[in-house]
Each structure stands twice: as C-alpha cells, then as structure tokens.
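Each structure below is given as structure tokens.
Okay, so subunit A shows up in both of these, paired with subunit B first and subunit C after.
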Partner chain A sequence: MKQISEERTKIFFEKLSKYIGSNTKLLIDRPDGMYCFREMNNRVYYAHEYLLKQASNVHPDKLISVGVCFGKFTKSGKFRLHITALHYISPYAQYKIWVKSNAEQQVLYGHNILKSGLARITESTPQYQGVVIYSMSDVPLGFGVTAKCTAECKHADPLTVICFNQSDIGEYIRCEDELL
Partner chain B sequence: MGRKAKYNDENRPKKGKGRKDKRQKDPDTVFQIDPKNIQDDEDETKKLSHRQKQRAARRRKKKEEWKEKRKMIKDKKKIKKNEPPMEETEIINNEDVSDDDSDFDSLPDDNYIDNEKTESAEEDLDQTNENMEQDNNEQDMRLNIASQDIFIFPSDDDINNVTSIPEIEARVKDVLLVLSNFKKFREPERSRQEYIALLRKDLCTYFSYNEFLMERIMNIFPLDELMNFLEASETQRPVTIRTNSLKVRRRDLAQALISRGVNVDPVGKWSNVGLVVYSSPVPAASSLLPVIALAPKENERILDLCAAPGGKASHIAALMKNTGVLFANDANKSRVNGIVGNFHRLGITNSIITCYDGRIYSQIMKGFDRVLVDAPCTGTGIISKDPSVKTSKDKVDVQKCFTLQRELLLTAIDCLNTRSSSGGYLVYSTCSILPEENEAVVNYALRKRDVKLVPTGLDFGTEGFVKYRQYRFHPSLNLTRRFYPHTHNMDGFFVAKLKKFSDIIPTSVSQTQEGNAEMMDSN
Partner chain C sequence: MAVMDIIKEILEKDEQNKNIAAESTSVSKLIPPECFPRDLMVFDTNELNIPKLRGPDKEKELLSLTRDCTQILINTILSFPKEIKDGKVFVQLSGPSYNLPREKPVPVPKPLTKWQKFAQDKGLRKKKKPKSTWDDVLQKWIPTYGYRKAAAEKEKNWVLEVPQNVHPNTDMFAEKTKTKKENIAKNEYQRLRNVAASRKIKVPKVGIPPMETNLHVSQLKDAANIARISTASIGKFQPKLPEEKHLKQRKPLNRQKKRPLLNTDEEKQFNMNIAEGIVKKKPKLNISKAVNKQIYEEQSQRNKEKQEKKGKKRKNFTNNKFHSKKKPKGQQGRVGKKKNTGRKRR
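What follows is the complex of A and B.
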C-alpha cells in the first residue's frame, strides 16, 4: 500500500475525469472524513484514512483488498477502470446512456450497445466520451465509450454500434476470480 | 456517492406519510356471529313441516314399541329359568323379525338365543356377520401381535447377506418397534446392544452413511428423532436469500423478484432481511443466525476470522452500515477472491480483506470489539447439500476439525478487546451437529480463557447439550443454540456467544484439569 506516483496520479485522474469531469474532487473532499487513493500491486484502492491506517498492520503479501478497488494500471502504463468503481462513478456521471429492457441482457453479457437497444442518451454527448450505462429503472449497469455523438445517433440505422462496452456488472459473475 | 452511511440520521425531518401508511388496511366488513341470529335459527328449526311432524310421530311410536318389547324380553328372561325355552324363543324371534335394526342392547338376548340353538334365518345371518367381524378383528389383532412377535433377530449370515432395500426398511421399522418397548418385544437372549448394532448397520446401508458417523448421530438423537433427522437430511432445505440493506429494502427486493416470476416470502419474524424462495430454479437461512447473535454495532472494529465466501461478513458490514472497520480473513487464497468479488458487488467499503492463517491472527492484530468464528467443520449439519459427508468423514477427520476449531477459538478470544465499551463479544458457529465440534470446543475455551457464555439473542432453536453420554459440560452451555433440519427447517447449525472478561490465561487451572480436558481427544 503506497502513495501513487505523480505520473500515475495524472494518468489516473485524467481517466476519472473522462467519466465524471470535475466531480473528481468530490470523491476526496467528503463530509464524512478524509478519503485517499492508494496503490497496491498496480491496483488503485479508495478508502477512508482510518481504514488505511488499520490496514498498515497487515503484511503486504497477506493484504488482499482495502476499501474499494477502482482499477489497475496496465503493463503499458494506461489506467483501466474496474467495474468495482461503478458504485462511486455512477452518482457523478456527466454523460449517461439508458438501454431498453430487452437490450439490458446483452450489455450484461459484455456486448456493445446497438442503436436498436438505445433508449435515451444525454444531450450533446461527444464521440468517444466515457459514459455510464443505466437500465430503464436507473440501475447502473456499467461503463462504456460512445462510438457516435448524440446527433449522429439520431440518424443511425438500428444495427450500428452506439457505445462500446468497457465493463459491466455481469463481470461479477463472469470473472469473479480475476476481478481485481 | 451511492448510498452513504447516514451520519446525522436523528436530525433529518420525516417526509411524507411513511411506508407503513401504504399497508393494506384491515377489512371493513367484520364477520361476527350475532347471538340473536343463532337463536332465530333455533326457532326456525323448531317449526316443523307437516311431513316432518308425521315422521316424528312415527319415530315416537316405534320407540314406544321398542320399550314394550324390551320389557317383555326381560320378563321372559326371568320366567325362562323355570320353564322350557322353546316357546319363548319363538315369540322373541317373531318380534325380532318385525324390526330390522339389531340394537346394541339386544345383543345379550341374541347370545341367549344362540345358546338355545333356535335361530330364524335372518337372525342367523346377523349372527354370522357379527361373528365374522369379531373373527376378523381377532385375526387382525393376532396379525399385529404376530408381526411384532415375528421379528426374530436374524442370524449372522442373514445380517451379512445384502438384502433388498425394502427388506432393510422393514427390518429397521421392526427394530425401532422392538426398541420402543424393549421389555415387551425383545427376544430374551438378545441384548439391547445387539439390536442397536443391527439398527445401525441397516441405517448405514439404507441411508448410505459410514458406521462412524451413524454411531455419532445415533448418540446425539433419541430414536424417534433420529429417523426424522436422517430423512430431513435427505431433502433440500428451502433456498433463502438475504436482502443487501446497503442497496435495497426487502419490500422492494421482494417486489422486483415477484414481478420476475419468483415466489418469495419473508423467512420469519427473527430476521428482517431474509427471504425464502419457493419456486425458483443461493446463502442458507442458518447463515443469518451467527450474525444476528453477534449483533454488530456501527463504528466498531469487527473481525470475521473465517470469512469465505463472505456471506456472513457482508451481512455484518450491512448491519454496520459501512462504518467502522470490518476485517475479513480466510486462510484459503482462492476462496478469498470470492470475498473480494462479493464485497465489491454488495457495495461494502469498510472492509479489509486479509489472507492469514486464522490460528496466528492474534500475533498480528488485537483489540477487536467483536469477533465471529464460523469455523471449518465436518459439515454434518448440511448433509442435504453435500451428501459426500455421509461416507467420507471418520474419526480422524473429526479430530482434525475440532483441534483446528479449538485453536481458532482461542486465537479469536485473544483478539478480543476486553475494555471495549460496546463489545468484547465473540460468536462461535459451525454447520456441524457433532458435540465434539460444538459444545466440547466451547467448553474447552471456557477452561482455557477468562470467558463466559451469554445468551445468543436467538429465541428459538434447541439448547446445547450440558450432558452428552459420559461427558459433563459446563452448566452454562445450555445458553448455546442448536438448529436441526427436521425441527427448524434449516441446515443443522450451532451458535454460541461468549463474552471476554480479562486477558488472564488461567494456566494453573487448566493443568490440573488436563485429564478432564482431553476427554474428547481420548474418545
């Protein structure tokens, strides 16, 4: 459990701001105490300061997880957001996509969202923007990146891909063992 | 930030009518029985129709005739002793023919006639019918007695020869009958031991257990309960799901499930998060029990020593409302991954997941307010889930289990903080029903550490054993709770709650009682 290096912090916050914009600072300045991001085995964990202090007693080899895992740095140095961060990202998401209830299943199996499954999309979403995917009953289903901007979506034919699936809550079942 | 812990819960003003207002009201029309109406009904019945009156009159007339006839018979009986019988009986016969009903009171008279051997045709029939019935009854009786008496203790060859399953079933029933009233049904030269051994052997074949486990189970239960337990262990318990109170309310969850065609119902009054699933193609009800007994509070430091796969630990975190710290530990690295997945999925943020051997945990960290030890066990309470237990467990396995359990329990006690303002409690639970893994382990801890048993807070379940065969446990062990598949419709389970009073380790006492201490080991 160590502080994230300056270079990696930059990569990490850039990635976060793709999804939640300037709301990133709300994750750190919370009314209920100090929350920090820490790095362990290339994974970024988000936890209360007190929790981190408690975890410092545990030998690094034996420590599996503290608080919530946000994602990991890949070998090429990029940051990849995990589905486990959804709980924190979804309330602050700037751009959102709602899928029809019959397309919900496809998203949960890791497929991209087609125009036919698209129910709603935030106005003026640019292309290649990080979005949070919701079901029609406002349950967050995962993250994605838009393939088309809102204007293009309106005129697209039903089989074009609107949003690339990055991560969805089906992963909790599909890859339970390699979640972190 | 999703569902946050409510830090200023008291300050929030209440909005709206509240959810209890939505509840369906009691029915308006109350169906009460009016005493007046009843009286009216009776009056109505008194008003008879013309035909009813006629019938009643006829009935009355017949009754009177009967009375007269009886009188006559009685008179004649008295005369009979002095006079030859022929004529009287003829008269009686004529009278008897006149009414078809053979009354109960007239039976002795019939017998009398029988003795005289002057029966009319009808009477003969009646008589033979009655005799037949009597004969049948007698035969039934004899058969019953016969089937009881017929059970002859099979010879050694018969026992060893593998017979068909129905035969074994019949033999089990017979032996159980004999044992239920041993004095009456036994064979004089056979001892109870022999009958028990035969029963054990047959039950082992019938339910496919190994002899060791069957012997242990037979020691625990009385014979009538034994069969119930064994049969209950064959059938699956109802699937129970827990509502994750961090994300959803039980009512909403039930509604969502019902709208998807799943038939669910609350599990019982004792839990406000459990739902029983009736018709659907997940943790058991029993795994809610230790957490309810532990009663975690907010802002505490809690340890789950054997947490995988995280069902109980996540329940604890939900009760803590994501405040304080929850340490979830498990020795098995691959199973720890399951905890990680479950915790993140359920939105638990106050957890630290570690992978230590539970037996050395007190060397790493101490000072917990509450500790849950859901120790690894032989799983004799969940035979319906994992039938391999029936044949795979033997004496050595049980011994390994309870040694590990004792070490874990002592470590867990060492981890507890005596001076904790709210806690200092430990819950020990297993999904086994063997006293070696339950009462004996707790009894061992009571001697080795300064702890006392406290009520678990579960008002159902049977009390733990204080006496078991030759062993005498601490009298406070009746505060522990046992749960059985056949009586409580959940997996077999054991829950004990301990409170730690000081860090003193009473070594001198334990050494003097070492002989008693190892009573289970020697077994």
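What follows is the complex of A and C.
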C-alpha cells in the first residue's frame, strides 16, 4: 500500500478523465471526507483515509484489498479500469449510451454494442470517447469507447459497431479471480 | 572439672570446624543445576545477577559462580562409590551423557538419479560384479575395469569381424572407439541431467537451443537496439544504419526519482494539481473530430429546417382541406427545374 508515483498518477488520471472529464477532481476533493488513491501490486485502490489507517495494522504481505479497486497498471505501463470502479464513475459520466433491453445481454457477455442495440446516446459524443453504458432503466452496465460519433451513428448500418466494450458488470462472474 | 571443660571445648571446636567445612562445600542454588558427571559438565540455569556482572566486581562474581558450579560437580563425583588402588582414589563416572545439539541441520537425503528411481520402482537390486574374471581365450584373470583392463582388451581383440550388414571397408576399430566415446558423452549428459533435476533447473528436453546463426527476427532487433545504445554516449552520436528506421528505438531507462512521502492534505493538493493539468491540457487539433463536428452541426441544422418545413406544409395542407375546395395539384413538392410540359418527345 503506497502512494502512487507522479508518473503513474498522471496515467491514471488521464484514463479517468477519458470517462468523467473534469469530474476527476470531485473524486479527489470530496465533501464527505478525505479519500485517497493507493497503489498495491500495481493496482489502484480508492479508500477513505480512516480505512487506510485501519488497514495499516495489517501486514502488507497479508493484505489483499482495501477500499475499492479502480483498476491496474499493465506490464506495459498503461492503466486499465476495472468494473469495480463503475460505481464511482457512473454518477460523473459526461457521455452515456443507453442500450435496448434486448441487447443488454450481449453487453453483459462482453460484446460490443451494435447500432441495432443502441437506444440512446448523448448528443455530440465524439469518436473514441469513453462512455458509460446504461440499460433502459438507467442501471449502469459498464463502460466502453465509442467507435463512431453521434452524427455517424445516425446513418450507420444496424450491424456496425457503435461502442467497444471495455468492461461490463458480467465481469464480476467472468473474471471473478482477476478482479480485486 | 577443668579437664571436662577442656574436652568440651575441644569437641565444640571440632564440631565448628566440621560445620565450616560442610558450609564451604555445600552450595545452595534456587534451581539445582543440572549435572552431567560423565561428561564433567554442569549446567546452571539460574538467573545471573546482571548489575553485579556489569559492575566493578565482575571478575569476583564470575569466579564465585564458577566455583559454585565446580563444587557441585565435585560433590556429585565424590558421592560415587570410591575405590582405592595403590593408595590412589578412583571413582567410576556414571549417569546420563549430554547430547550436544547439532551445529548444522540434518543432511537431506541425496535426490535419486533417474536410473535409481526406476530401479527402486521396479525392485531391481544392484548385483555386485567380481573384480576380475577368468578369460578362456587369454587363459588369465582379467580385471573388470581399471589397471590392465585396456591392455588385456587390446590383446584379446586384435582382430575384429566386419558384420554382413556393414560396408566391408569400414574400420571396425574406429567404429568401436566412436561408440565408446558416444557412450561416455551420453553418460555425461545423463549425469548432468540428474544434477539439473536435483537442483530444479530447467533443461531443454529435445531439439537444439537457438543458435547464434538462426536467431528470431525479434531477437535480432533487440540485439541491434542494444548494440546501438551500448556506446559511451548511449547511442547519441551513433550514425544511423540504412534500415535503422525500421528498428523500434529503445530509450535508455531513466530511473524514477523517489518522491518524498506526502501527508494526506499534501497528497490531495498534489493530485488536484495533476488532475487540473490534465483537464486544462489543450486538446490537439483532431481533424476527423472537427470534420465530424461540422457534419453534425450541418446535419442538425438541415434536420431543423426540414422539420420546420414539414410543420409549415402540414399547416398549409390542413388549411387547404378545410378552407378551399380546390382540386389538389400534383408536382407541388418538387424542388428545382420544372418538368417540361407538352408533347412527349422521343
């Protein structure tokens, strides 16, 4: 459990800001207490300061997880968001995609979103923008990256990919052993 | 009376002397020390008086401790039955012997070789070979191995038969030495493999490990990259090779400076600064993004116009329907040049 280095913090925040833009600052500066990002085994955890203090009593070798895992740094030095971060990201998402109820299952199986499954999309979403995927009943299902901008979406074929799946809540079952 | 007194006095003195002697030989300790008279050894487990041992009377204290323990040992030795031979006192030392603890751990049994394992599984037993055997041809005892074995072999096998399935001009002696050498090499290989297995080192099972002549492309690239930056200037002044642009440039590793540990407030400020920097960063001009934006705006405007037009038309239409009973005209929605009227020309 250590503080994240400057370089890695930059990489991490850049990834976060792809999804929630300037709302990243709201995660750091919270009115309900001091929350910190900590790194352990190349994974980034987000936890209350009090919780961290409590966790410092545990031997670091025996500690598996503290707070919420936001994602991990890959071996090539990139940051990958985990589905566990969805709970914190979805309220701040600037660009959203709503999925039709019959395409919901496809998303939860880790497939990309096709035009046929697209119900709604935030206006003026640029291409390759990080988005949060919602079901029609506004339940966050995961996050992805748009393959087409909103304008292009309107004229796309029903089988073209609109949004690349980055992670979805199906991972809680599919990647149970990798998520922490 | 006087005589009696004197006798009494003498008796008392004697008693006192005895008591003094007993006192000087008896040792009282809180925990009776363990005594191993057979090894002439005493273990005193009582607590040491450390302030005294660190003080100026260190030597005295140590001496007294040693004396007490030695006294105990001698007391126990003297308690054994004595034997007097030629005017000298002998004592048979008895009792338990002390087991010294090992300095080194108990040796691990040697890992079995592949053959030993196989033999153990199969239940094969090692047969002892005789040191020498009687040879009928030479009419003498020949050692199984070692001194004079090779000479005897040479004497015995002075001629060798060429088998039928072999070319008649082959040198069977050369063949023999070759097979012998191969056997030795094989044995050595197996020995090394056993050593590797016992030390848990991975050894390629079959095939030849990559030779320097047929390296993989990626290995060659890596080698070229490393060679490029392996100069005193880390490749700064290295002239470029004709195909160098195809090589992925590897930068020398720059070590990360360690940041001092921040407290939570400082960390928060630090993180905020980084986040602010990222948010404020000027986006690069993304042409496709800009074009898409333009397209989107145009489309949305066109859509708006269309919708407005539609709305207007519908209004007109309803007006027409309810207020004028004119016959509906065709070609009203047509935009652009009007179609030529009149006779159809072919």
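Definition applied: the second predicted complex is superposed on the first by the 180 of 180 C-alpha atoms of A that agree within 3 Å, B and C clash if a C-alpha of one lies under 4 Å from a C-alpha of the other, contacts with A are read in each partner's own complex, and residues count from 1 in each chain.
Quick note on the criterion: contacts are C-beta pairs under 8 Å (C-beta built on N, C-alpha and C of every residue); 3 or more make two chains touch, one makes a residue touch a chain.
It should be emphasised that the depicted structure is a prediction, and the values quoted were computed from it without experimental measurement.
Visitor: Given the alignment on subunit A, is it a clash or a fit between subunit B and subunit C?
Guide: fit
Visitor: Tell me the contact category for A:Lys75 with respect to subunit B and subunit C: first, second, both or neither.
Guide: Neither subunit B nor subunit C is touched by A:Lys75.
Visitor: In the combined three-chain arrangement, what's the angle at subunit A toward subunit B and subunit C (CA centres, steps of 10°)?
Guide: About 80 degrees, rounded to the nearest 10.
Visitor: Could you look at A:Val58 and tell me whether it touches subunit B, subunit C, both or neither (first, second, both, neither)?
Guide: Touch status of A:Val58: first partner only.
Visitor: Is subunit A touched at more residues by subunit B or by subunit C?
Guide: Touching more of subunit A: B.
Visitor: Give one of first, second, both or neither to describe whether A:Ser124 is in contact with subunit B, with subunit C, with both, or with none.
Guide: second
Visitor: In whole Å, what is the nearest CA distance you get between subunit B and subunit C after the fit?
Guide: Value for subunit B versus subunit C, nearest C-alpha atoms: 18 Å.
Visitor: Spell out the residues on subunit A that touch subunit B in their complex, using ranges where they run on.
Guide: 26-27, 30-32, 47-48, 50-51, 54-55, 57-59, 62-69, 83-84, 87-88, 90-91, 169, 172, 176-180
Visitor: Which residues, counting only subunit C, touch subunit A once they are in their complex?
Guide: On the subunit C side, the touching residues are 256, 259, 261-262, 264, 267-268, 270-272, 274-276, 278-279, 288-289, 292-293, 295-296, 299.
Visitor: Which positions of subunit A touch subunit C when the two form their complex?
Guide: Where subunit A meets subunit C, its residues are 3, 5-7, 9-10, 13-14, 17, 21-22, 24-25, 28-29, 34, 36-37, 49, 124, 126-127, 149-152, 154.
Visitor: In the complex formed with subunit A, which residues of subunit B make contact?
Guide: Against subunit A, subunit B makes touches at 1-2, 4-5, 7, 301, 325, 327, 334, 336-341, 343-345, 347, 349-356, 364-365.
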